Amino acid sequence: MRIRVVNPNTTRAMTDTIEECARAVAGPGTLLDAVTAEMGPASIESHYDEALSVPGILAAIRRGEEEGVDGYVIACFGDPGLDAAREVAGGPVIGIAEAAMETASHLGRGFSVVTTLSRTIGRAADLVERYGRQRFCLGIHACELPVLALDSDPDARKIVTEACREAVDADGSDAIVLGCAGMADLCAHIRDEIGVPVIDGVAAATLTVQSLVTLGLRKSGRGEFATPPPKPYTGLLRSFGTFPHHS
Amino acid sequence: MRIRVVNPNTTRAMTDTIEECARAVAGPGTLLDAVTAEMGPASIESHYDEALSVPGILAAIRRGEEEGVDGYVIACFGDPGLDAAREVAGGPVIGIAEAAMETASHLGRGFSVVTTLSRTIGRAADLVERYGRQRFCLGIHACELPVLALDSDPDARKIVTEACREAVDADGSDAIVLGCAGMADLCAHIRDEIGVPVIDGVAAATLTVQSLVTLGLRKSGRGEFATPPPKPYTGLLRSFGTFPHHS
Amino acid sequence: MRIRVVNPNTTRAMTDTIEECARAVAGPGTLLDAVTAEMGPASIESHYDEALSVPGILAAIRRGEEEGVDGYVIACFGDPGLDAAREVAGGPVIGIAEAAMETASHLGRGFSVVTTLSRTIGRAADLVERYGRQRFCLGIHACELPVLALDSDPDARKIVTEACREAVDADGSDAIVLGCAGMADLCAHIRDEIGVPVIDGVAAATLTVQSLVTLGLRKSGRGEFATPPPKPYTGLLRSFGTFPHHS
Amino acid sequence: MRIRVVNPNTTRAMTDTIEECARAVAGPGTLLDAVTAEMGPASIESHYDEALSVPGILAAIRRGEEEGVDGYVIACFGDPGLDAAREVAGGPVIGIAEAAMETASHLGRGFSVVTTLSRTIGRAADLVERYGRQRFCLGIHACELPVLALDSDPDARKIVTEACREAVDADGSDAIVLGCAGMADLCAHIRDEIGVPVIDGVAAATLTVQSLVTLGLRKSGRGEFATPPPKPYTGLLRSFGTFPHHS
Amino acid sequence: MRIRVVNPNTTRAMTDTIEECARAVAGPGTLLDAVTAEMGPASIESHYDEALSVPGILAAIRRGEEEGVDGYVIACFGDPGLDAAREVAGGPVIGIAEAAMETASHLGRGFSVVTTLSRTIGRAADLVERYGRQRFCLGIHACELPVLALDSDPDARKIVTEACREAVDADGSDAIVLGCAGMADLCAHIRDEIGVPVIDGVAAATLTVQSLVTLGLRKSGRGEFATPPPKPYTGLLRSFGTFPHHS
Amino acid sequence: MRIRVVNPNTTRAMTDTIEECARAVAGPGTLLDAVTAEMGPASIESHYDEALSVPGILAAIRRGEEEGVDGYVIACFGDPGLDAAREVAGGPVIGIAEAAMETASHLGRGFSVVTTLSRTIGRAADLVERYGRQRFCLGIHACELPVLALDSDPDARKIVTEACREAVDADGSDAIVLGCAGMADLCAHIRDEIGVPVIDGVAAATLTVQSLVTLGLRKSGRGEFATPPPKPYTGLLRSFGTFPHHS
């Protein structure tokens, strides 16, 4: 079984961290790799960045399909391009927000999300609705660190940990969902510090994809998520029009 | 007042139709033009097409900002890239689904949507939720014509009209919302044929933008929809990184 | 095009203010006037007042229909009598709460409402549900000024402005919706003071009606909002029974 | 204990039927009477009729307060004027739609409503939302009999019974809620014919009021439902302004 | 008419209190008794306790059916076993949370619940959803007294009263719902102290059952709540398999 | 890692089938067994059966805790006793409805559930709400086979397959969720016959538990799902009171 984790931003150091966290939980029969988007923003901190990360994600999945990949993780907490990716891929595609929120729902009455900049809270709230998690999500909080500062700021671990502690207290929640793929390596530390389960979406989504492939579950090939109809594309994006059929 | 209608697909004939329908309702003091996306798909009939129409939309809005445009209409019923466009634009940006559904909500208990291919129904349903129109939207129906066939198929007008008639009967609705910008010029004909109000989102959104500009309402410049933070972009999309600030 | 703004209370000074605010935004081809209810309460501050303002509103709309008015605004934030008014009128009827909340939904993640007395908060909350604005309305706050004190109290402007500032801070909202027609003339001042867009429903509803008339959208004449069936009325209200048919 | 049932229309024959049905269930210690509205429409079949029935209801409740009535039933399935009536009355006021839907919720998974004309379905749907009955209401159906034909049409009993039978079959429901006070005397007959429980709101609301009075539950006198602030009223409705205080 | 209140825990002193509160409101023609569960926990303070109280409840209702009881109250605020009890009983079965929340919904905009230990808040929240009371329930609060301490702790009355006062202030609510059958005898005291209506579910449910029996409303005998199909039961619970049919 | 699947009914043949289906998907490092409830009903086809299966489930989980089991599956589509089981277990407990509905949510716009008797549809609908799956569940259908007939009726496979085919057609769904643990071994056959993915909750829940244990996610030990407070139990259930603490 081959699973590929797509880092939607173009920062390779972050891809390395993500790959390590995903590999740590994948089963012995799973070949897992992570790839960096070949076009788009260095980090995703706005709707603009998110929208412009999608061509890179779709290009990565098209390449994966040619290489026989069985399932994909989209490793950005905005779950960018998820619907389009599901049209392109034959196997399952899971977003890390989707997987993290689902996983957290099994651990108690409700969870808190801790994200990076407060301007990303709205997107997380939209995903809560999309995935039907309104009953479970008790609050969304920002630690106000930019994405790349999670790696470069020497106080990042402390700042995120304190934001998680405050979120649990404010919301009376049973678990923390980390709101950025760049926080994946902080998961165990925060759990040990604050004493509630902490969910990293990268690991959670990796196992969700692995489970779906194990169950042999693939989209039916009909309807909304069937392979898109081929058509002319122009300009910078013209290469996206020569769409091979693999329904 | 300058309003620009962005056609997110790359088919110029459709831009012409859209421009005509928008101009027909704009006020005497409004300078209105329509532009065609410079990159992306010839029509939008999948999540894949929609996601890949967004860079073209954002490029068009960036250009509009340099040219002093006061407000924008995104003329595809999936309202692609709306959140990102609002970050980029200083003035209002309105999607045609958003405007059409709101307009229809004033005309009775509820409306039916008639769209092109049935694979686009899901996106319309997502937008119903996003805009809080669940109480008003009584059904979403497909006429199974591809977008460009609306122009080329000699039976298109008849097929869409019959789909609208069946939708009103099935849902007991008070109005029809046309689910594709390419149907804009069918609006009056269908209304005359089936005897209920028919809403074209292109015209509706044009007037919504005009109203917002008249009211002097612009985003506050803070928070989720502030201008995105600048950062490096790479690959095909590298030009999107040199983001001028116009908060 | 003739648009009439109905002030549901009987205070003519307030009608004058409303008329001025509505005229300031109406297009050059729009004939706009405002009328004062001929029966009912001097101000609307309870469910009792609101219910008893409805006969006056309906009488005003019946008169408007005889005079060829094309559309109406109901200028009280409780949107009293809206459904009945839509049965009576051939053209569009829009409430100021309806229009203000819709307009505010285009300006960001969400808005706060600032109303007069706290006993009116419940009605505003009911309208949020009716119009499907739960995702957008982040809070409803009272400034505890009675309606007529908005005009007579020398500190009114300051009190309302401060209530708006506190509401934005408490809710983290992107815009303010003014919760009383009597606040219409405070709109620009508050926007300048607190730096977020402020929506006056009188102006917003005027443009919504103007847009609907421009689009040629009228109810279908069938179903729930068809002209009411004529029947005997007795007592004080007997004149309401001789209902002319203009379906 | 004194309970008064207010018939919001001006048809005395209907008041008599209502009074009989209410008395049949009231307890031995309850003095129950029914009164006819002194102004307004002969029957309620539109939003217009409903709005114009409210002054008559409020006048009846004001009189009741002077006479020491302990609680009230509003005997029209649109529950007209309920919020205003609760401000005016010191004791409980219950609408028959409210009581019928709640009562039906105890009898199984869900109920169907059968009302008179299809133009009244929308109002019933609004009340389903207001009372939080969306989980329980499986359908709302019209028998297309005008209100007064329930009494005058010799086939009325048969027509309503068949509409109820079809509703149960179509919705898979466990109970029928009768959607008009004028159907109160058909309740037992329909139950016997179709074999599911049938709820008449007049009887249900009478017992709800009786229970609330027995429990000694009255509004607190503060907040949204406190006695309305007194103020000048003009025109036909000027007598409504001299509002005595009984907080 | 015979009504039986089932105390789902095994503490007889609590049954006595419950019986007294229920009798105080029952009508003159109602024979009311209360019974103690013959198996299960001494008090219900967890999902575990609640689940294990259900066999005792069902045994009590089976016995009641043999004795000709017309309707039942389940006197624990978690409303344990309600669906199963409705299958077993021929007449109505009402939970005290169900009845209390319904009753409170008639008294204003919304209510607060005050329960015992904070670990029971989640169950109360689930019931708010089940009964469609999200619009009415403004908050759920714990006083942190164990159930049996309501009787044994000399400060219990004061602690619960203060928790109610704080709940009303925090939520801006119009009424208090007592979140435990063991609080039934505190109802009048708290109302007098804090000046808002206070609802005890035991009394409320008793009157709801009495009303349903008066109305002659019984389940239809078909569908989801029909008598369960008989089948072998084994182990400790084998006596539950010999299920007599009384559909 | 030790995972235990609990069959809540007392039919050992069904336990064998369940165990086989669960083992087929468990990872190489997972020790998986299935156990049969030691008390309760031979099959679960009513709220009564379901409620009376819970003591057997809780006894099985208590035994599992003594034996060092890491996580549990409750293998009945009503997810009986889930909250109580989570209080008792230190590791994760997952219901098959919960896991199946979540898994199906990744495979397209929405799924249909096919269950046994129509009287179980209501419980499935309740779980749809509890897990926030309203957006995803497009219909719940019964094949009208009793649970044990799935094994004994020679036409069972055909009947269930046809019910699934009709459900997909009626709902326009992308996947089937099998609504009974006794259907687990039909999964591959139905998928091959009708051409859409088919989800067996036993396999899905097994992998969900395995993932949670792999991620090291356990409840925090505080709050609603902490170990229940010990207390006296009496009657048939007295052994449930001697509750060992393993917080």
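A, B, C, D, E and F are the chain letters, set down in written order, and residue numbers restart from 1 in every chain.
The working rule: contacts are C-beta pairs under 8 Å (C-beta built on N, C-alpha and C of every residue); 3 or more make two chains touch, one makes a residue touch a chain.
This structure is a prediction, so every number in the text was calculated from the model and none was measured.
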Chain separated most widely from subunit A, comparing mean CA positions: D
Selected from C-D, E-F or D-E, interface repeating A-F by over half of its contact pairs: D-E
Angular offset of subunit A relative to subunit E [C-alpha, multiple of 5 degrees]: 120
Chain centre separation (subunit B, subunit D; CA means) in Å: 44
Whole-Å gap between the CA centroids of subunit A and subunit B: 29
Junction residues of subunit B - those touching two or more other chains: 109, 122, 129-130, 135, 223-225
Subunit F partner contacts - residues on subunit E that touch it in the complex: 10, 37-43, 45-52, 54-56, 58, 81, 83-84, 86-88, 118-119, 121-123, 126, 129-130, 146, 223-226, 228-229, 231-238, 240-241, 243
Subunit C contact footprint on subunit B (complex, rising order): 25, 27-29, 92, 94, 98, 102-103, 105-109, 130-136, 172, 174-175, 188, 195-197, 199, 203-204, 207-208, 210-212, 214-220, 222-225
